[in-house]
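Paired with chain B in one complex and with chain C in the other, chain A is shared by the two complexes that follow.
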Partner chain A sequence: MWLWFSKLGSPRWFYELSNKWLPWLYAAMIALMAIGLFWALLIVPEDYQQGQTIRIMYVHVPVASISLACFPLMAVAGTITLVWKMKLADMVAKSVAPIGAWFTGLALASGAIWGDQIWGTWWAWDARLTSLLIQFFLFIGVIALRSAIESQDAAAKACAILAIVGAINVPIIKYSVEWWNTLHQPASSISFDSVAPNPPEVWVPLLIMISAVYVFFVIALILRTRNEILQRERRSQWVIDLVSREKSV
Partner chain B sequence: MKPHRRKKLGIIIFIAVGLSTAIGLSLYALSNNIDLFFTPTQVAAGEVTPGQRIRVGGMVKEGSVEHSQEILEVSFVTTDYNHDVLIKYAGILPDLFREGQGIVAEGAMSADGTFVASRVLAKHDENYMSVEVKAALDAAGNTPGMPQGVLQ
Partner chain C sequence: MNNTVSSHAGTDISTWQAFCATLKRDLVIALKRKNDLLNPIMFFLIVVSLFPLGISPDPVELSKVSAGVVWVSALLASMLSLDNLYRADYEDGSLEQLLLSPQPLYFLVLAKNIAHWLISGLPVVVLSPLLAYMLYLPSEAYWTLVLTLLIGTPVLSLFGSIGVALTVGLGSRGLILAVIVLPLSTPVLIIGAKAVTDVMFGLPIGNHFALLGAILAMALTMAPLASAAALRISVN
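Here is the complex of A and B:
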């Protein structure tokens, strides 16, 4: 297991392996996105309370769920960087920050549009919205911190610490709707009964949309990480060979 | 795992646990300030002083909504099924506003015990279903999970 762990930490090994994964991921994303969007936007019946506005959920919930996954991922990568000094871990940590910021921003924006329609306001200082806004600023902070420190190793350490500390906010976001009274509703529980609240006709397309956006996230993360690998390893022989091979084609 | 790595990991876990505890305790202490709104029970218990700008949240009591005939004024009772608060509001209500709906009103208590709202927001619950499913449930005479949870 430890051998596998150290192998995974090799940027070259990851670069070559991810090359094989990418076509499959593209295919999966296109298929899931096409089915999910068609189902969510055209087939899902109007909600008894919210009407057509319900379709915002099929964008809002996937982006929000991924924005919550980004910070723990960055914290885990940061811990690996601090403890094992694995090169690849810091490349992933650097790559995930802007993606996480975008997904958090999209979750806030789609939520605001939804809230404007249903609540009657696009913003409220309730615990869920405020804690997610804090996460957005934390992502911006991580990005700014990295670009402010010139030494790559020092930047990696500082960002790792900020990522670990900031990850404490994630359970607060997740459980804010249960710990305090908020304008945001609590998480829905799904039902397998077709005549019940949250029947399969509502959550199956949501599940497909969540998987589609997750695959998109993985693709974006792999592409950014590959870019980062090439930049940091540009003086190593395998990258020089790779570039000369690309040029000769 | 090598000793110096174990030590580093130990420090990281220690800091993370320590910080979580500190943040957890301060959030617990600040609970009342983090809550978005007061419940009618809290209002009845006298936690609110008249004139103070606050939010009150609860369900719109069935049969309590009275629209004024001349102006855009409405009065209704909001309840958490223990206590009630009478709310007066002049303005446009959100589409989702109706009897039995969870709402959050922003405004202040007046001296006579009514709440004068300057804004009313609709809370929606976590239950989604189509018009057909809702009709089928109503026909069967049960709407599971409807009022509870909305007040959260």
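Here is the complex of A and C:
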């Protein structure tokens, strides 16, 4: 088990293994995305209340769910960096921060477009929107800290600490914000959790879209991490060999 | 013989003594620098008095936002003074001595954070009723405002300390500090300001205090650990 663990920490091993994974992931993403989008945009019946705008859900919910997963992922990678000093974990932590910020931004944007149609406003100080906005700020903080510290090693550890502190704070922020806006304003009529009472023809394509976007996220993360590996290991022999092989092709 | 004794003299003081010595040292330094002491308080006063200029002099409108204005200004004042926490010590090398000392860093950091709160947080708490009066906060909410600030401002110092510890070695850190610290401070702001507005509407506020107290307890136990770890990275 420990052999496997230390092997996983080797950037070169990950680079070569992910080479084999990527084609499968591309295929899975294209298939899931094609089925999911076709189903969600063309086949799903119009909602009796929301009409065509219900289709925004098929982008918004997957994007939002991933944006919530990014911070814990960054904190876990940060913990591994601090405890086992694994280089790969920090490369993942560095790669996931901008992706997380983008997904949070996309969730906010798609939510705003949806909100404009349903609530009649682009922005409301609704609990979910606000906590997502603060999470976006936290991501920006991590990215800013990373770019401000010159030493790579110090940046890795500092960002790991900030990610852990932030991850402990994210639930507190979420609950305090939820409870802040539920006293004045009763729970809004649009619930994002309303998947359950809906028939399968609504939630099955949603599940497909969620898995499609998850695969997309994994691909983006792997590609970013691979770039990071090449950049940091550019002086090692295997990267030099790899580049010269690419050039000769 | 004498040599061995003196070389071990540093380890002979107890953790409690080291804690008190650090606290005393920081307070003495702060009291000697009157400007650093006054600046956060003046900043707090100025920011609060900008709001009526920007919103309206109308008592009805001002009393509605007064709790939030005082809380946001307290948050900003606390953040402005954070830089004093480790910067001078970092520059003159005494921070390194602190890290090298055999005492648990947790308590030394905690002492520095308490000193920071006594210097920058407590004056804000003491001044808040005056500013609340100027902003037409209903008088029944005064005590709630003071008490929420009393529980909340130490949390701001403790969270802020993590941010400063992470950025103390950087050349330009002013804005990064704000970007890191402000989002972390939002729960305290939300709960503190909410308690004051709720009291104005005659709602029960016990749960707000319970939550604030819980956050303070968590911050006291965990934030200095994070600060200590961050300091060890920054001062490498």
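Here is the rule we use: the second predicted complex is superposed on the first by the 221 of 249 C-alpha atoms of A that agree within 3 Å, B and C clash if a C-alpha of one lies under 4 Å from a C-alpha of the other, contacts with A are read in each partner's own complex, and residues count from 1 in each chain.
One rule holds in what follows: contacts are C-beta pairs under 8 Å (C-beta built on N, C-alpha and C of every residue); 3 or more make two chains touch, one makes a residue touch a chain.
Being a predicted model, the structure only gives us computed values, none of them experimental.
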Dominant toucher of chain A (residue count), chain B or chain C: B
Chain B versus chain C as contact partner of A:I54, first or second or both or neither: first
Touching partner for A:E46 - first (chain B), second (chain C), both, neither: first
Which of chain B and chain C A:I173 touches, first, second, both or neither: second
Chain B versus chain C as contact partner of A:Q237, first or second or both or neither: neither
Partner chain in contact with A:A144 - chain B first, chain C second, else both or neither: second
First, second, both or neither for A:V165, with chain B first and chain C second: both
Contacts of A:V83 with chain B and chain C, given as first, second, both or neither: first
Shared contact residues on chain A - chain B and chain C: 82, 164-165, 168, 172, 177, 180, 183
In the complex with chain A, residue positions of chain B that touch it: 5, 8-9, 12, 15-16, 19-20, 23, 27, 31, 34-37, 39, 57, 93-96, 104, 119-134, 136-137, 140, 144-146, 149-152
Chain A residues within the chain B interface of the complex: 45-50, 54, 57, 79, 82-84, 117-121, 124-127, 164-165, 167-168, 172, 177-183, 185-189, 194-199, 201-202
In the complex, chain A residues that touch chain C: 82, 134, 137-138, 140-141, 144-145, 148-149, 151, 154, 157-158, 161-162, 164-166, 168-169, 172-173, 176-177, 180, 183
Chain C to chain A touching residues, read off their complex: 162, 166-167, 169-170, 172-173, 175-176, 179-180, 182-184, 186-187, 190-191, 194, 198, 203, 211, 215, 222, 226, 229-230, 233-234, 236
